[in-house]
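What follows is one structure encoded as structure tokens, with my remarks underneath.
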Amino acid sequence: MKAFGYQLPAMSSLIIWGLLWELVGQLELTFFLPALSEIFITLSEIIGTKPFIKALTETGQAFFLGTFYAVTIGIPLGILMGKNRFIDELLLPWVNVFLSAPLTALVPVLMVLFGFGLKAIVITTSLFAIWIIILNARAGVKQINPALVEMAHSFGASPMDAFFKIYFWAALPEILSGVRIGFIRAVKGVIIGQLLISIVGFGALFELYSSQFLMSHFWAVLLVLFTLAFSISEFLAMLERKVEYYASKR
Amino acid sequence: MNAISTSSKAVEVRNVFKNYGEVEALQDLSLDFPRGELTSLLGPSGCGKTTLLKIIAGLLPADSGEVMVNGETVTGPGPDRAFVFQDFALLPWASVIRNVAFGLELRGVGKSEREAIAEKYIADVGLDGFELKFPHQLSGGMRQRVGLARALSVDAQVLLMDEPFSAVDEQTRRKFQEDLLNLVKHENKTFLFVTHSIEEAVYVSDQIALLLPRPSRVSEIIRPSGFRDKGIDSIRRDSEYLDIVDRIWDSLRTYVE
Amino acid sequence: MRNRTLSLKILSSVLIFGAWEVAGRVPVSFAFPTFLESMAALWTLTIEGTIFTAYVETLKPLVVGVMISAFFGIGLGVWIGLSRKFDWFVSPIFIVMQSAPLAALIPLLIMVYGIGLTSKVFVVCIMAMPVIVLNTSGAVRNTSVSIIEMGKSFLGTRREIIMKIIMPSASPIIFVGLRLGISAGFIGAILSELKITPTGVGDIISYSRSIADYPSMYAAIFSIILLAVLFLNILERVEVMIFKGINKGLVSD
């Protein structure tokens, strides 16, 4: 989009939305939308407080562990499926089922099995992220040029070598794109887990704020969450573009 | 008919300039297209052939200068012109008959009437029996026949063809060229034909406009005359044909890396 | 070939459900019933008809929410795809929404709209809308330039070009967006039953958990997941059937 001959940067319209928000808030049209400036003031007040730091670290921890498991299990499993037809045919239907399944419904089970704590949330997060990571790693391996693999074998690469030195790198663009989507899903999973379990992390914070109708507190937390989620997604997208650039030359 | 529309020029291009940002695509280009004839725009890729054709079609505005079709200044697409696209531009979800009739559909012709007209042109281009097929079921050559039938069915006086045969195989292409010669002979239409193939241009054209880049201009106009009536089969062995091909290659070779 | 795929599918089902059965018999946890117990519970829920009344309840916000999202989502998406200015102004909202954990808005929605159907419909809408809008706008924006020029050169009006060229060309991707929207809507519908007020399938899950009737709880979860997966799969099949071969650039998550 251009204005007065200048190319307006992408996403710059968010500034206008911010101003509109401020205006609506200043006019006090609805109780649930405080002015943006007020939210920022609240944010600066709560950002250093103990409950906030606690919620953030708890969430960060669950997210980190959840995505860690999803990546370390998902990528090798996907590569294995891409390489081995038998395993692929055995597992693919299930991966597809869980990819489109409303996993939210599993959270109550995880709660009774693993307790109302970090463990259940970590597993929820992993479950949200892992399937797309598996599928993309699999797709990445499937598109590898067979000549590359033959070359490796002809140079006497061991199966382990082939696995880590060929398949992983050759499938990297697809793997990364799976990881990006997986991470976006994980962010959603970690929050859904916390909302349902609601005595941990931001889930607990939300309970506290909504029971006391602390609107600007609520929005301050939302703003932080959305900004973090967007940054993670953009960062991974950037990484992906870098790798795609090299991949287009492979 | 008034005096202007019976004049011998179907299309006149006067001092047309066109830039894409920094890129000078056309610079002070003037060219006449005689009525009832086939004029080729020949030149290396990037010299502005498509740009010129789109300006004549009214799909692209010129920066300055004027284009007249039948003496009237072009301000946009009009019923007097029909376009045949390099990539066919067929609707993938529509059958052959709907694709062929689509130009008429956009002109508000009723369904039964436009399908009757489409049937005729489908038969004319040799696609009898393929009416209900879809583009993905056809070969490249057949798709271009659909594009051609669509352009013919709106009965425009000027046909604008942008490298129509570049996406079809060599055999089909030769057949197309022969069909095109018959078309020029029997339909009383003016053809503007873009190509980058020297042989093709010399084979099918009444007039060849040689376009050269940097800056883009018409460097030469060639009118092959001797071999046109000798019959389709012997053209490629005719000495004038071979001379012209050589002459054009001499002009072009410095522009080819 | 077909036989091999089918027998492998059966084999993998037997393996997974067998593992479930064994794990339930050990048992790995007091709250882990066997596969057969769960299926028996599902059978009871089915012949009593409880599960069907629950579905109706659960699907109500889903259907209403998806219909609202489809209507406004496709409308907005088409507008975004057609207008550069509107694209610049509105797209960022949906791009942010797409990556954001929108479930966090639920407590807020409860505060504003209470715990009734409205809130649940809203949850479904915010989950389903972004993917519908982004796919629609992308599809409209990416319509092949050449067929649009074709329409212009044959004197199509703007309205004709939108209705006869852009919309049909965008419809496969719009349909994919709708399917992904429904998939997200399922998550929203179940989430709202578990978080806002227990109704429908969410009620069976919560209630049987509270009385420690784990087979029924597992049965309800199993059946709602099965329902969603089957429905989405059928939609995908239908898609493939209608739009053979035409598929390009889509936004998934």
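Note that the chains are named A, B and C in the order they appear, and that numbering of residues resets to 1 at the start of each chain.
By our rule, a residue touches a chain if its C-beta (ideal position, glycine included) is under 8 Å from a C-beta of that chain, and two chains touch if they have at least 3 such contacts.
Because the structure is a prediction, the values reported are computed rather than measured.
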Set of chains whose contacts include both chain C and chain B: none
Farthest chain (mean CA position) relative to chain B: A
Chain nearest the global centroid, as defined over all protein CA atoms shown: C
Centroid distance [mean C-alpha coordinates] between chain C and chain B, Å: 49
Chain centre separation (chain A, chain B; CA means) in Å: 53
Centre-to-centre distance between chain C and chain A (centres being mean Cα positions), rounded to whole Å: 18
Residues on chain B engaged by chain C in the complex (per definition of touch): 54, 57-59, 77-79, 81-83, 85, 87, 89-93, 102-103, 105-107, 136, 150, 154
Chain C to chain A touching residues, read off their complex: 4-5, 8-9, 11-12, 15-16, 29, 31-32, 84-85, 87-93, 95-96, 98-108, 110-112, 183, 186-187, 189-191, 194-195, 201, 205-206, 209, 214, 217-218, 221, 224-225, 228-229, 232-233, 252-253
Parts of chain C lying in touch with chain B, wherever the complex brings them together: 144, 146-147, 149-157, 160, 164-165, 168-169, 244-246
Chain A to chain C touching residues, read off their complex: 1, 8, 10-14, 16-17, 30, 32, 86, 89-91, 93-94, 97, 100-109, 112-113, 132, 181, 184-185, 187-188, 190-192, 195-196, 202, 206-207, 209-210, 213, 218, 221-222, 225-226, 229-230, 232-234
